[in-house]
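Two complexes are shown next, each including chain A; its partner changes from chain B in the first to chain C in the second.
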Partner chain A sequence: MNREIVFRQKFEIQGGDFSRGGEVSCEVKNLLKELGLPAPSVRRAAIASYEAEMNVIMYAEHGVLDLSATPLKIRIVIEDSGPGIEDIELAMNEGYSTATPEMRELGFGAGMGLSNIKKNTDELEITSEIGKGTRLTMVVLTERHQP
Partner chain B sequence: MNLAELIERFDLKVFSKGLELTRTIGGGYAGDLLSDVIAHGQKDQLWITIQVHPNIVAVAALKELAAVVLVNGREPAAETVARAEKERVPIFGTSLSAFEFSGRLYGQGIKGS
Partner chain C sequence: MTAKARHPLSINQEKCQGCVHCLVSCPTKAIRIKNGKAHLINELCIDCGACIRYCPHGAIESQTTSFSDLNAFQYKVAIPTTVLFGQFDNTVLPNDILFALRRIGFDQVYELSSVCELTNAALEEYLRDHPQPRPLIASTCPVVVRLIQRRFPSLCNHIVPIEPPREIAAKILRANLSRVLKIPPAGIGIIHITPCPAKMVSINYPASLEKSYLDGAISIRDIYKPICQALRRNEDDAILRRLFPETLLSGIGIGTALSGGETRSLKNHRTIAVSGIQDTIRVLNQVEIGLLKDLDLLECMVCPDGCVGGPLVVENRFLAKSRILGLVSTLGDRTVVENSDIDLLIQKDFLSFQHPVKPLDIPPLDADPVQAIRKANQRNDIIKRLPHKDCGACGAPDCRTLADDIVRGEAAITDCPFMSKEEK
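Then we have the complex of A and B:
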């Protein structure tokens, strides 16, 4: 099977830009669809991408999304410059959120983003440095990869 | 029931213009927390909500929901409509509450799952 990267693209995400929230992930989804990857894997990757994109918009100053795909897997790395996450385990808990009242009014802050990412990825690595930023590495395997 | 029939039966306001309305509705989900809808909404469902800002379009598009129904007479922001037309996510409105609208949908055979 071909393991080579068949596609790679980077996207910029601007912190605080709620009006464009989700645009990058919609583009990611359309690109992956065009590559002909299986729809369920594309959907999972796009959802994980969306939650990570929104977290950059909500909490960080700036982020870069690096999308790469092979016929076997979709890999998305989102790295931001921002406050970082002090306790990643705590942040992963469903319901934990530091969203502001303004964000909550818009329907953000359920504290479910990171658990949605966990559920929709096959591999997830989160590293963070306080005062510097956060990096999420997410991998979604395509069905073809599974037995 | 498809989207066109839904609009007719419930006398919905259609905010997004020029979108195809032949898609068959595969159930519904009501919620105002975006990540909750991401977690529990299913492809082809109607999404019933009071949220009107542009981000609802991304959620609906990524989850491949059939359409968004804004309840309590809420009107979408202009930006929301523009984005909905671009991403081809139909947006409708009703003066009914989420509870009342969901109940009537259920009565017409559109269920949660």
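Then we have the complex of A and C:
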């Protein structure tokens, strides 16, 4: 198997721009489909990147989604300049949320974001620095990967 | 399968000026201009008819059933869309229109609102009995079904597996007419009168049936003039038609061709109604990334305001909508279908799809993912070099699509008038 071949594309995400929320993950989803990767993996990657994209829009000033895909795995790194996550373990809990009442009014902030990402990825790494920002590395293995 | 057989749309080569209106209007980027004329890409077209609306030269023609095709049948039956009632001014009552259809050559005309009421009841029952998946997506608009098959294949199992009213009406008639009239089944022609070309495809290539129960579809556009002529021919019987209306319209069913018409009667479910192709695509994108799970039913119609906005209607959709809403408010919640009939048909599984809607994936950049990735990277490099003017002069709707065509081997970078100067 040719391991060298990687598709790579970066996308800008503007914090606070709810009106365009989901556009980047939608494009990620369509690109992955065009690569002919298996539909269930594409769907998982799309759901995970949507949650991550919305986190950037809700909390950060700005973020970049870096997509790389091989026939075996989809890797998405989302890095933002934002407040950072104080207690990552706590944030991973279902139902835990720091969303403001305004965000909740928009239907966000149910505290399912990170746990939903975890559910839809095969590897997840979160690093965060208070006052600086957060970096999420998500990996979805394609079915081809499994023996 | 030839291009003509598969699609109801064809481009009149003489009328086509090779301009860019249709290119840009196509929601699935299925049109290219080659050698100065528009061409349709079959695998991408979803039969929505947006191009018909936007072509300033009337060069895009829809191949619906013509009047003369009806002569093949000994007994001709019309099932008009309820949208037809909105095409004439307020002095023309639904019964006048049904009478006119008989005068112009149909042996029998069956009005659809009762069957719309029936399918609505079946829809409600289906929603109640099937808590998953959510949201379910109504299947009445054949373009939505085609769009899901092609662009959102993972949502095929969200489609409510109940046939649309036109097919159910034809199925009921087909099951009974031949016996009642003592005419062989092949002698009976059942024709839908349609506001859009997509119904023709759903008849020729049904997504959920082995074979359609309909024999064809005549467009409102084609039948409008004959109806107008037949309407006024005999004023003497107007009083009879008004005093003895033979058809009982269903208040629940009459408005189902309007956006929100199906969701209106579903009072116990969380629903939304979406219309217009761009908004439909936007909402289906949301469903595909796992959103809107708290909705029970998503009603999507790709024409603005629903079937009243179909590309083959005559009257402007605002007037047509207002007239049909007038009928809806006059009729209120009047029901005409017996509950026992609904139960019987549901029990017999008479209303269900014969087989599930299957995905018709748009092919990836390459069947081999390694090659597909290589091509996607190449495409990004090409996109960077293109001028981003999206002018359509190369024959593709925008620069990104030209880059896509280039890596798929269907176009060359020199097709771009801005590039060729630079490159040469």
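Keep this in mind: the second predicted complex is superposed on the first by the 146 of 147 C-alpha atoms of A that agree within 3 Å, B and C clash if a C-alpha of one lies under 4 Å from a C-alpha of the other, contacts with A are read in each partner's own complex, and residues count from 1 in each chain.
The definition used in the following text is that contacts are C-beta pairs under 8 Å (C-beta built on N, C-alpha and C of every residue); 3 or more make two chains touch, one makes a residue touch a chain.
Keep in mind that what you see is a predicted model, and the values were worked out from it rather than measured.
> Would chain B and chain C fit next to each other on chain A once aligned, or clash?
The answer is clash.
> Looking at the overlay, what does A:A46 touch: chain B (first), chain C (second), both, or neither?
both
> Contacts for A:P71 in the overlay, against chain B (first) and chain C (second): which applies, first, second, both or neither?
Only chain C is touched by A:P71; chain B is not.
> Would you check which partner chain A:L141 touches, where first means chain B only, second means chain C only, and both and neither mean what they say?
neither
> Identify the partner contact of A:G113: answer first if only chain B is touched, second if only chain C is, both if each is, neither if none is.
First partner only.
> Based on the superposed arrangement, let me know which partner A:K29 touches: chain B (first), chain C (second), both, or neither?
Touch partners of A:K29: chain B and chain C.
> Just to be sure I read the superposition right, which of the two partners does A:F18 touch: chain B = first, chain C = second, or both, or neither?
So A:F18 only meets chain B here.
> In the superposed model, where does chain C crash into chain B, at 6-14, 78-86, 168-176 or 258-266?
258-266
> Starting from the residues of chain A touching chain B, keep only those that also touch chain C in the other complex, and list them.
Common interface on chain A, chain B vs chain C: 22, 25-26, 29, 43, 46-47, 50, 116.
> Can you list the chain A residues touching chain B in their complex?
For chain A paired with chain B, touching residues are 18-19, 21-23, 25-26, 29, 43, 46-47, 50-51, 54, 106-113, 115-116, 119.
> Under the stated contact criterion, what part of chain A meets chain C in this complex?
2, 5-9, 22, 25-26, 29, 31, 33-37, 39-40, 43, 46-47, 50, 69-71, 116, 144
> Sort out for me which residues of chain C touch chain A in the complex.
Answer in residue numbers: 153-154, 285-286, 288-291, 362, 364-370, 372-374, 376-377, 380.
> Of all residues in chain B, which touch chain A in the complex?
Per the stated touch rule, the residues are 32-36, 38-39, 43, 49, 51, 53-59, 61-64, 79, 87.
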